[in-house]
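Common to both upcoming complexes is chain A, partnered first by chain B, then by chain C.
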Partner chain A sequence: MRKYRGSSKLLLQPRTTNEVSQILKYCNSRLLAVVPQGGNTGLVGGSVPVFDEVIINMGSMNNLITFDKGSGVLVCEAGCILENLVSFVDDHGFIMPLDLGAKGSCQIGGNVSTNAGGLRLVRYGSLHGNILGLEAVLANGDVIDMLGTLRKDNTGYDLKHLFIGSEGSLGIVTKVSIHTPPKLSSVNLAFLACKDYFSCQKLLREAKRKLGEILSAFEFLDNQSMDLVLTYLEGVRNPFSSSMHNFYVLIETTGSEESYDREKLEAFLLSSMEGGLISDGVIAQDINQASSFWRIREGIAEALMKAGAVYKYDLSLPVEKMYDLVEKMRQRLGETAKVIGYGHLGDGNLHLNISAPRYDDMIFAQIEPYVYEWTSEHRGSISAEHGLGLMKANKIFYSKSPKTVQLMSSIKKLLDPNGILNPYKVLPHSLSSH
Partner chain B sequence: MKIMVAIKRVVDYAVKIRVKSDRTGVETNNVKMSMNPFCEIALEEALRIKESGLASEVVAVSMGPAQCVDTLRTGLAMGADRGVHVEAAGQLYPLTVAKILKSLVEVEKPGLIILGKQAIDDDCNQTGQMVAGLLSWPQGTFASKVVLDKEKQLAMVEREVDGGLETLELDLPAVITTDLRLNQPRYATLPNIMKAKSKPIKKYTPQELNVDVKSDLEVIQVTEPPKRKAGVILSSVEELIDKLKNEARVI
Partner chain C sequence: MRKYRGSSKLLLQPRTTNEVSQILKYCNSRLLAVVPQGGNTGLVGGSVPVFDEVIINMGSMNNLITFDKGSGVLVCEAGCILENLVSFVDDHGFIMPLDLGAKGSCQIGGNVSTNAGGLRLVRYGSLHGNILGLEAVLANGDVIDMLGTLRKDNTGYDLKHLFIGSEGSLGIVTKVSIHTPPKLSSVNLAFLACKDYFSCQKLLREAKRKLGEILSAFEFLDNQSMDLVLTYLEGVRNPFSSSMHNFYVLIETTGSEESYDREKLEAFLLSSMEGGLISDGVIAQDINQASSFWRIREGIAEALMKAGAVYKYDLSLPVEKMYDLVEKMRQRLGETAKVIGYGHLGDGNLHLNISAPRYDDMIFAQIEPYVYEWTSEHRGSISAEHGLGLMKANKIFYSKSPKTVQLMSSIKKLLDPNGILNPYKVLPHSLSSH
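Showing the complex of A and B:
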């Protein structure tokens, strides 16, 4: 994103948990700050050193440890690239429970440390549910082995949840045990056009009810997002011949019976069309067409980068209110910047992006703190899935109460008394006593 | 003028195929099947010709098991007017397909037959040429551009050949097979998917068309190609020369 720049002088690439342990033990004794780093695909500066923190890059710990073909439980090291894991389990008839645009570079340890969401969360749930166990190294070098492969284990406090989503601030994840769902043969994808946001919402409610267990993704994007993608990406075409649609929705179903799923999807879409919820739609007839529909949705981030400077916001909001914020921002920014809205409508997650020719303080002043205040007023989250990192480290109070944050700070002090793990990130700077 | 388009149901182009453990063929159980991409292009071309007013009807034809109807429905959803399903179990090889198409031509009497240049499962690239031979019709294969002249009753076909582009003029009725660059097929839209449900699909059996499906070909075995050996990163020029001399024995 070219937004964050540190001045680290040392990057280490440990190959074993023992090496990670030794590194942290040493750094802790010398009060040397460290930044755990995976695929470096984070969007909030969580994996970039702020000053001269030592970078601990997990990329060399990329071994697959075991895979149980019966239960689908995969155990691997934190540096495994998500796309490689996807290929591996695919050969055995399974899929990874998460899927994101960055899969070619992001590492599973990073996904776990940021509790990555992605396109399939609406069907398979979050990593808090799919991670069965993990191994992490604490700031003092202690290796905590919680690498269970059991679906159910209620023995004591489930500490792995502390490491899932704490963005490397409580420990470095070195191994992961993840439950992978079986790969179902029938995948269908529809690209739909809606005339207004209200229709998108209603369509979501109907889809959850009528498609039920086969719904596997529900994404939306506005007209401005579509324009951006068509302008800046090569080889992308609008599935619809006319460009006069205001909103687009992608619905994916995954099931085990091709003709049954197809009929169910077609019946749902046709009745939605008759009911006026959809103004037009296409269904992908083969995997190539499906990929080209996904390219539109997944390519928005890339198109934004090509368009110039981008201010990215990742918010959880009540579905009815979600697009109001996009329209408010449009009013506030007028001609100075382009505001686009898209995201995981199925999870109530909006990706609000403001695109400008270059970074500009006046534009920024119109965006923050208004965006956070508005989100807070509607009891939303200022970071649905991207995490806090450096970008939002001081913003946590918009979404969490002071007492809650105080408790987080106590846990941080307990696990990392010297504050060497990823300092300046996640929790407000005012709470660290250095 | 009526246009007949032959479409084949094949393993989806993007699927990673696996050979069955008994080596009798490729695994198709629980695998995504779709319309052969070249057939999609053929159908798209037929639809464009019809939309430009040079044809009155597009008939899509598919041969094989009951599931071929799914592929025909896709064709109808793209815009074909009618479907024809010749139901047959077992493998149908190009000559058999060509004979069945010839019989159908005698029933439907189209002015133009368009097929994909080859199917991505067997890569035969034979059916179009065989049909033309059986009917004694002119053929324009690997078409990258097709222009019809209704008055003069001919088709101008630009073909991609090794040396470049060749332009042929064919008297109608004729057979054309399509190459990748001919067009970009349209998506199946919801309104058209809905219309397709009421379009007729006529069923035939090869016996009704007086075609014997017994083939002179028999597939004995299907195996995977030998796995590529991993490359080795060498540390010096000396090591490279040593390996070229003593292992690969090429110098």
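Showing the complex of A and C:
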């Protein structure tokens, strides 16, 4: 992926909602375009200026507002860094319903604005379910207070969802209210080897039934991903020292009773081994070993960056078809590039990465538009969790019908008639107001 | 509650999305108002005509379209009756993520359009999290195909949420795609008695931690609810034959391993008994006993209807303040009416019911607007799960800020400029286009 870098003459760091409102009111009246920016960890160029838009960086709005120790409802400003929130609620016996590799610098407002997914989605669902309320500032400076803290509220249209995942193009999220689940005491992690993709799929189905309520992550990586991590990251070791396998699966369980959970996981591994679904498997014996397992999965992106040029795709596909695309891509590219497949198998989310010595138009022509066409043909999504940003705005029709996109565009025009909010992003350029 | 009954010269039962589209296109061009109608089980007059609107009843669109036995994704038409879907997915080892008393006649399209809550929300979350996609027809007849089946899809604005809970006023939902979780084999139900509301609250906190991942329902009812059920429903018995208690709690657990779950629930009951949180408790020994426990909780609405006139309120409130309102109401009403409090404690959802021999303006004046003012003051919702419909459209400002309601109204005007879809409902009359 080519890195998107932008430049701007002006970066503002508002400290209050009122300041955000004043800035937007002014910019709207002068037709000045703005880019809302959180931790700037996005992968599709959504939070960088394209020309000379004013950057509104939310990092100074980083106060915790309230935390209810009974219900676990956290209310905070948009600029809070995810990892800080994770630590804070952890101290009170709760966990954040989302967790991602970028947690050390991404901000909750950015997570909400991009509908970030991550590792815990398989257990806790998407932010559309976990965000209880938010405050957003519209392009004209109007502050929309939807900062409720209730699990249930059916009074009128639930407009907060418009701001979840719209990448700052309909308004700037300034405060959020999140439901955090109680932290359960028992967490176990298993690292497993499978001989083929079909076994990974079958293992997922079995895990959903046999581990049921304690399953909290189901991730997979292929042989090429493992190879890459072992080559480029220091201190990473293959948990199965003797041999390489074709596929690896990480299964995490989270529950309230260590002994039961452990027995359940062990029984599951045993039956999977006997049934031939896994060829090897190891349960982390302590937190260090668990970290070393996670390091393999979470280190793939870093290893890819070190390996050279990388073309990144984040796709949702029906689980049974997901790996076909990786294999098709290998056929197309032959020896010119390495094709790496990994991701959130439990959610049907493939991170397809093509690693090459350098960016090359010939390689690129073999990848696009094929990857999008194939995904579209199989009714997948061309952006599972990364969003569209600048990079993929024009690709929206691969996953959305023309009438649906038209309706998005009407809503954009209603909320931001001058098109000042994050222009050139999300919606296709043919439909944007510029 | 006064029952809302309407009449119409015309009731249409389209069999296809195309027919819905043709009907709306015609009605829109002639400025004819329509009422979308599912099972007509709503409690706020949302699905009945006010004057002589054309009724579009969805009951004939009741086909299952696809069911993926791997992922549990069900795609079906809007007119499918919830109970039929429950049975269908059950046969394949899955469960619907929502369950409500009206399941025998309510339709999934109506459930989606009203964002129905019900008994399983505490475990599986709201329909905003469980509905993966939908198809809706706009007022002008445009069919918006958002019928995705993916867990994750961040390509543009997630507009399906506009149609979840907007009570048919922005479009008619014609098809839905739902994520159904695997059915777990072990279900246990306990009926418990608490001496006061504070104990119920504390029990909830403990249950969230100690039962954690297996907790699937946490319902409560007060002494007066029990009394009513015992008086008006035949064949219902108090599980604690010897004495009446002030509060009762139903705790359901759902998990994958009967022996562990049972031990966990028994240990929880024991420690709650020792800690003084519960004064008595019994675990259902078989499905019949479980049904008889649920009958008490689910029979309250029926018993209320038999007891005379009833004023019904469906409120979200912070759990710790929830029962204060019931007591305040008793103080206000004295001997003139019975005040009954029950509901989904796990979600902070109180069903407040006032039962009187007959409807009486004096009683009504003691209830409203006080009940709304009190709820608003405590930042609650005046409609947790029932919606606003006709009955509560003008009450929206008790729970939503003027700017938020203004934005709802703009969106209504954008999607339905002639105001033909379910007029006089949801939005306050001062803002509606008529």
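We adopt the following convention: the second predicted complex is superposed on the first by the 430 of 434 C-alpha atoms of A that agree within 3 Å, B and C clash if a C-alpha of one lies under 4 Å from a C-alpha of the other, contacts with A are read in each partner's own complex, and residues count from 1 in each chain.
Here is the rule we use: a residue touches a chain if its C-beta (ideal position, glycine included) is under 8 Å from a C-beta of that chain, and two chains touch if they have at least 3 such contacts.
Just so you know, these numbers come straight off a predicted model, no measurement behind them.
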Contacts of A:Glu266 with chain B and chain C, given as first, second, both or neither: first
Chain B versus chain C as contact partner of A:Val187, first or second or both or neither: first
Partner chain(s) touched by A:Asn288 [first = chain B, second = chain C, both, neither]: first
Contacts of A:Leu170 with chain B and chain C, given as first, second, both or neither: second
Contacts of A:Met146 with chain B and chain C, given as first, second, both or neither: second
Touched partner set for A:Met362, first chain B, second chain C, both or neither: neither
Greater residue coverage of chain A in the superposed arrangement, chain B or chain C: C
Partner chain in contact with A:Ile278 - chain B first, chain C second, else both or neither: first
Contact footprint of chain A on chain C as seen in their complex: 68, 70-71, 93, 114-115, 117, 121, 125-126, 128-130, 138, 142-146, 148-159, 161-162, 164-166, 170, 182, 184, 201, 205, 208-214, 254-257, 260, 264, 316-320, 344, 347-349, 379-388, 392, 395-396, 398-401, 403-405, 407-408, 410-412, 414-415, 426-427
Chain B-touching residues of chain A, taken from the complex the two chains share: 90, 185-187, 191, 237, 239, 258-259, 262, 266, 269-270, 273, 278, 280-289, 291
Complex contact set, residues of chain B against chain A: 12-16, 30-32, 34-35, 37, 40, 70, 74, 77, 184, 187-191, 193-194
